[in-house]
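Here the chain labels run A, B, C and D in written order, and each chain numbers its own residues starting at 1.
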């Protein structure tokens, strides 16, 4: 690395705080990091899905069963039927772990369905508004503005209180509250793509609206939509929990993580686990989606990679 | 600038009208009879008829709507059915509390997230950046109500340092403020970080450096002033999340605010108060965003000078 | 792994050079690997002289300027070898903070895109006054007075009122004038102009070049003009350094290089330009594309595109040297200058 | 030249964008980009549009190709008025006119392979090339523009700037058009590569009897390539004529200024 120098110049060591090799190693690590940050959350979400499907079956979970002797037992207690409740039991003697996995079922189902409905509606609106512009854009985006005037949770509360409780209603409510995010992201991506020369090249070929929207614009929107969908999945799950916590979510008898936490608040001092553990389970799931969303964004947008 | 202000004002008025209309549509056009919903299943036909007359439900829909808009303009949302006072009076009692809570949470969030975001942005991919981003992502994944419950469990039930409910002393504000601010801090920190990282790659930052300015001067004011512009807009939009969070926080801490009033009113089917609460919160959101838009114009001369 | 930096004998005439770059090596780390943006770049500039650094995209001409100004993007880019001599100091070995103190007072720079180079949220007057305030400790009024003088000097009409305007309210040419005003504020001894007219219209381009030449004559500063356009600099520069794939392939007086190129690359470039009465004639392009810096060809990096390449070109890296028969001070990095050109 | 019907006949073209008031979006005026532009372009000819930024040269190109609507005037292609053509007619006219864009990075869909980028034209215009022949036809086009046909499955980012511009040209050729509009098609390229692409355009013109409408701010490129030139300033044609007339004996003051500003590679050879 040291160059042979003309004799009149005294050799001084070159002070380089970080060499390019070091920086590249860091970049490589960051790139490997992105892959890990994509794989690990997917595994975690997968575990939740498996748990949500199998655990309630294995435990023979019945929301209506009450076992008074087994009430409010701390984690690790052996129950009257001989099984070990390693996360403890709740105020009616239900095994907390089984109940949490049942709650995860609700969370995942609500999250996935909402994503599909809100995503379909939002992406369609975003594509139409962005592609056609003009009055169509104005009308659709003003509707979105009005929608945004209601904090998502507020709108959900209002709708849920009117529609009543029930899983379908929660999905409807959360879909209505969340389509705007998809619409806005899709629209801004379409606007960014629209004036790119390759889209103009499509128009110059004489491509019709359908071709442009479906074959040119939509594929270009997939990455940001995927990122938003991942993050929104977490948001929707949190919103469902909040609604259930407030008592406008799942009907009584359906154990959602939110309603379990709510039920536990009455026993905070005597049985801390009922409220805290489902919260951690919920946070773990949402965190996994958040990390995944971040990683996907880094993966799809190399300009932000390492930034 | 004048055109910009006028356009923003017009949009705000439109959004408000839209929000008020949505509330009307949601409450009046649901398949259920609002009078029945309000009076409950046990009401006699005479009671129902009286209620319908009082609510104007016997008039044509368009008349109902005009009446409703007119009333809304004067702040008349009708009488609370449980407390027998105008709904607006109930709100007037608790609104200052919520405003204070929201303001404190905002100040706390801005005060904490700006230094954190700055720190992370200036040490991209180093330890402090990773720590800040991990922490904020985790905080964002935690359900707000659960944070409240855990804080309450630790600081009032276990340690007994702070009151757990109500609003009797300034100390009562501490836990709700933190609960409300935490998710906001997380979001804001990430925004400040990414905004600043983006700005640090701009040409004018290179120019500032080529002027031999110290890195400190390059950041204050050259980078920060530009980074603030998008952050301010996002703060406005996220203010809705904050208001939604207030509903939950107030419920957890039995804090006498508009959020708890809303949840309580839903529980007792007091639709006049529910409507009033929703409209007031939407108005607050629209006003805050109007203010943010105007601030945006102040911060960015390009917007100010555009037609 | 690198060849010795060339010791200059010809630089004994007159004053010592203002800036002297010797065997400069810069590496960038990208997610695809480490690329060597500069691989042994040497040149020098004297006071009152204009040096043109010419090359196509990716040749390393802008990176050279960034390295001198300690503006290499951090943490991706770093100087890994060579010397940058300025005022008896090797600033390549000094920490960034130290080098920045020279910026604006000793060496100043203007950039290609004057719109993105000016801060959009501050008034131009404040931006031009900033060097006076931050570096010279003047108060605001005094500094703005100085800024006004400068804006008048660089030819901003109605400078008295326009000093309060924002960058987006100016035309491209005026913005570049503002950038120039800012750069010459503290009377630097060397000005580096990185593609100063590339983003501008032809008519404006000529005005900006004239302004730069005037200012140089007035102040006697050294000027480095970085450009991809061989025509734009021809009027103003006395000497040129032609870069290819992170190396200087030919250097000497600009007229000598253009009239008697000693390296096939500059020769090919000159023949590629459609101009000078050759209307309707077919162009003679250089075949192939500029190299990918992640996979620079072995030996002479130009050999895959060179019609004269022989075996030695594929294996041995040619040094900058004066080919026999060429003028003193004219150097080229080609094994076969004498035989083929 | 005047006796044959022109391929493209532009008469009194005017393009204006409406200015709307900020509050109620009322139409309060027009931002005129181009006004009263008339010219003919004959088969096999290259017409240059030259001007500085804001001169309206790109607007004219985009209006002719149909990306921007004309406010007034007529554009006739082979005697058919584009503004009055039905949707179906327009689609068939579009086949005859294609465009090569400025930015070799932005003008190719990053998500499609070279083969798919070229085949896009056949997807939009069914019946030109049968689906089964898309790959072989795309490869033939790649070969024609000097790209290795074996790379047809690669994505744009795997090519250099000059190669991408060749892909863009191949795409424009896919429908076998009569007219190609080149909007600053060589401006983003390095000099050495620019010469390659200019030569390619000349070869294609000779082989396929193409006509070019060539938009550029670079007068030396225009001088090199074009038969006739229109000089534009602020949306108006200030002078038009053959290359010889215009470059050797400019009449308009603006043209003179523009020509005087063009940098000369060897100024020491110029008589002053």
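As a working rule, a contact is a pair of C-beta atoms (placed from the backbone, for glycine too) under 8 Å apart; a residue touches a chain by one contact, two chains touch by 3 or more.
Fair warning: this is a prediction, and the values are worked out from it, not measured in the lab.
Comparing chain pairs A-D and A-B by the number of C-beta pairs in contact, the larger count belongs to A-B. Distance from each chain's C-alpha mean to the overall C-alpha mean is smallest for A. Summarising the inter-chain layout, the chain whose CA centre lies farthest from the centre of chain D is B. Our note on geometry: chain A versus chain D, Cα centroid distance of 47 Å, whole angstroms. If you average the Cα atoms of chain A and of chain B, the two centres end up 21 Å apart.
The mean-CA centres of chain B and chain C are about 53 angstrom from one another, to the nearest whole unit. Distance from the chain C centre to the chain D centre is 33 Å, each centre being the mean of its Cα atoms.
Along chain C, no residue makes contact with two or more other chains.
Each of residues 26, 30, 306 in chain A touches at least two other chains.
Touching chain A in their complex are the following residues of chain D: 65-67, 90-91, 94-95, 98-99, 101-103, 106-111, 120-121, 123-125, 168, 171, 175.
Residues 196-198, 200-208, 211, 215-216, 219-220 of chain A are the ones touching chain D in the complex.
Of all residues in chain B, those touching chain A in their complex are 11, 14-16, 18-19, 22-23, 26-27, 30, 32, 37, 124-125, 137-138, 140-146, 149-150, 152-153, 157, 194, 197-198, 237, 240-245, 247-248, 251-252, 262-263, 266-267, 274, 278, 281-282, 285-286. By the touch rule above, chain C contacts chain D in their complex via residues 56-57, 172, 201-206, 228-232, 234-235, 255, 258-259, 268-276, 278-280, 282-287, 289-290, 292, 305.
The touching residues of chain B, when paired with chain C in their complex, are 202-204, 206-215, 217, 221-222, 225-226, 229, 299-302, 305.
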